[in-house]
Amino acid sequence: MNVLFIGDIVGLEGQEYAERVLEEVSRDHQLDLVIANGENAVHGRGLNRKAAERLYDAGVEIITLGNHTWDQHELQDFIDEDARIVRPCNYPPGTPGRGYTVCKVGSTEVLVVNLMGRTFLSQLDCPFRTIDAVLKQHPAIRHIIVDMHAEVTSEKLAMGWYLDGRVSAVFGTHTHVPTADERVLPHGTAYITDVGMVGPRDGILGVDREIVIGRLISQMPARFSVAKGPRQFHAVLCELSDETGRATAIKRVTKYESA
Amino acid sequence: MNVLFIGDIVGLEGQEYAERVLEEVSRDHQLDLVIANGENAVHGRGLNRKAAERLYDAGVEIITLGNHTWDQHELQDFIDEDARIVRPCNYPPGTPGRGYTVCKVGSTEVLVVNLMGRTFLSQLDCPFRTIDAVLKQHPAIRHIIVDMHAEVTSEKLAMGWYLDGRVSAVFGTHTHVPTADERVLPHGTAYITDVGMVGPRDGILGVDREIVIGRLISQMPARFSVAKGPRQFHAVLCELSDETGRATAIKRVTKYESA
Amino acid sequence: MNVLFIGDIVGLEGQEYAERVLEEVSRDHQLDLVIANGENAVHGRGLNRKAAERLYDAGVEIITLGNHTWDQHELQDFIDEDARIVRPCNYPPGTPGRGYTVCKVGSTEVLVVNLMGRTFLSQLDCPFRTIDAVLKQHPAIRHIIVDMHAEVTSEKLAMGWYLDGRVSAVFGTHTHVPTADERVLPHGTAYITDVGMVGPRDGILGVDREIVIGRLISQMPARFSVAKGPRQFHAVLCELSDETGRATAIKRVTKYESA
Amino acid sequence: MNVLFIGDIVGLEGQEYAERVLEEVSRDHQLDLVIANGENAVHGRGLNRKAAERLYDAGVEIITLGNHTWDQHELQDFIDEDARIVRPCNYPPGTPGRGYTVCKVGSTEVLVVNLMGRTFLSQLDCPFRTIDAVLKQHPAIRHIIVDMHAEVTSEKLAMGWYLDGRVSAVFGTHTHVPTADERVLPHGTAYITDVGMVGPRDGILGVDREIVIGRLISQMPARFSVAKGPRQFHAVLCELSDETGRATAIKRVTKYESA
């Protein structure tokens, strides 16, 4: 089974480019499951119905989220009804939406879980105990994809090693910069610290760079806006054993739009 | 001019492996200047005389630092005398040591500056104003290497774009995971968000992974120790125009020790 | 000289109550200078022209600010022209407005300085070096009031002790809860860790308490609104020697509106 | 029932002064239960057997803790056996020691719970859900004392209001500066944002002030040591209805050693 996991999609620019690149990647590879992190899909902040629909139309089957989950209030209106959207699972009980979902690839069940790190990022429940509880509830599922949305490398690496041999893959998201450490860990879990993003390449995390630099220097607030210009696409393509669910390969998929 | 910049060297394991790989890389490439981040050289915490000497013997010519600068008290005894050691320049005036140094490659002067980010990391002076002041003091030098030691990708990217066309290279350090975004920015500055590290590969940032995972789960303190096992080496090799000082190429140099 | 310093005024509720209590306090005490922290005057977020005018009309002569300084964009339109408004002095050079101001009480010059702490709060310049520079510029002024806007008690206490004998008073603001540690330090500087706030008493920092509690439990965003109900007024009244500028007494002034 | 709750006891200086003042306070008031926060009892960092025994001998019956709980490794050797020591209850399951304890005052059972805040302080479980679970387990106990160890005023106030009418008292600790907002909330819960500390008065949170100031200015590490000189004692005395367990009065108890 080939799983394509796409990093944080930023703004309309990111939606459009994801759509275009997905078409191309689909021609070159057999993609059995396409997952994308959509926490920045609407002007860099959150997800709404329109953005979700567009991603589905482009071929994305499951959308994961992160610290920007609730930036678009509209999401609360439909997240409960849409089983394709997964927000961090370590939100407290009673939070709208779901923290994991089970989808089918042919006759194989695939569990997709979203977790959020705590260091410098959130005050959610322990992501390690959360994933333990989820895995316990689904002992029969062997194809398990975890989006670990976190700020620091240590917390993501810890989750990767913690789950090695217990899930198919741990993909880090949130920093918007792809890391070059993709590998299959010793017990068969594919891992990367950060998948990267989809959207403007010459911004800063997709945001207009002059605004970000100006804010860091002046320490005064400024409204962020999604950058313009040529775009980048970062994803990972991961091959899972149909039988065991363990990963046999992971590679980065990178596209740059010409200027 | 070829500059090799090596990411955070962790522990004796990192020192040894840096030494070994440097020998090999020197055979394959002409290295005109070798710089390494040494903030984790001594058991993962700081730099002392012995570690510095070993790195010099291995071919490192300039050692940069970061948030672990003062972890080994011994450094304060000799940092003022050793012009090859550079600690973050945005420490307040009066801080021991220097924030930049000028070295010679043939007849060409090269300015090496170390900066530290503030987000989630330090309460130092503004790194943007600091680098502006340094560049103003050295208007004639065109070969300028900046080690931007920072936690978050946004602050490192901001520094890269801020200095594009004004320095030869901005190399990010601190997260110990190499990023896959190395490039020469439009005005000739080589950039990477994080160079990575040198040391145990199967630890977490070079630290024993069971300790790190245990600490995250239990939230109880535990003494970190450098991990065992096969090692990784992450550096970037950067080609600078002798005439203009601008970068013409940057590529990652990665070595993995076989298990 | 009697100086009344009023803690963070929150919302219209706070403005109104400050006005009413000031009338009363003015009857009971001779107030030679009235200063108020106005960073939360407009719906809990920032200061605008209307709020500033109302505070002036109520008898406030100098308004200090803090981390909410720029929450009302309108302030940038007039802060440069209004010498009665002081924003944190350790913002970078070039920031709109001023970080200190000199006013006259009779024939005596009084220097009012606003500083912001960095721990868990800001990435501004070092407040200690900043105040040193300000004091150096005004060697002849002996009546000096410092509003130290900071999150943690350690940073405020450090500033108090650092300036003991060099300024008339260091008043902490920001936490909205008055502390019971007001005193004149050994060398004549009046000190309190936090003056408190003016506004709804049964909210949380002046904000509707159900919203704050709900947010802490759900970890989902919710728009804050200023609480309703009876109000509290917290200020300190400080007596300064006309001759030396040193403090001879400090006491808390507290009023609670009956329900 | 009269409960005396003593703020964070810092170092041997704090232990000694607590002992001395307790003798005096016991003469003036009938104390039915004495609780003290002991997280800083040993050189400002943690609790060991000797310090605990000394506090018991001085009349303390229950010791609560906080973020410094594990600073003395020795505590792990005996915390399980000593039912008088309570560490934050929102540590994960499996943590040594207990997060609450039930003691007897005459024939009345009193539940003492320790909670830790998360904002800028810890990555523990949600303190609100934690206290809900504890209260559910002990529906028959009406005398309930909560030590809410937290950095920010908002989180402490939120806990106070959240528990109003459900527990006897919520006492804040950790900032080492007493607040002047003690009151009985509308439904009968005594509340104070911070009780304060016991130990050197002219230090910063009990620590030598030159070291703290030097560290803030230089941003270089320095070993903290407990300050010398005259001491302060901060506690609250709280009167609880024997029948309902609700608070009928709270007042601060403050003593300053003469220089």
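Letters A, B, C and D name the chains as they come in the text, with residue numbers starting at 1 for each one.
Here, a contact is a pair of C-beta atoms (placed from the backbone, for glycine too) under 8 Å apart; a residue touches a chain by one contact, two chains touch by 3 or more.
Keep in mind that what you see is a predicted model, and the values were worked out from it rather than measured.
Rotation angle for the C-alpha superposition of subunit C on subunit D: 180 degrees, rounded in steps of 5.
In this structure subunit B contacts its sequence twin subunit C using mostly the same residue numbers, the overlap exceeding half. Averaging Cα coordinates per chain places subunit A and subunit B 30 Å apart. Centroid to centroid, with C-alpha atoms defining each point, subunit A and subunit C lie 44 Å apart.
Shared interface positions of subunit A, i.e. residues touching 2 or more other chains, are given as 92, 123, 126, 129, 216-217. Interface residues of subunit D facing subunit C in the complex, by the touch rule stated above, are 120, 126, 128-129, 151-155, 157-158, 161-162, 175-181, 186, 193-194, 196, 202, 204-205, 209, 212-213, 216-217, 252, 254. Against subunit C, in their complex, subunit B makes its touches with residues 92, 118-119, 123, 125-126, 129.
Across the complex, subunit B meets subunit D through its residues 70-71, 91-92, 94-95, 122-124, 216-221.
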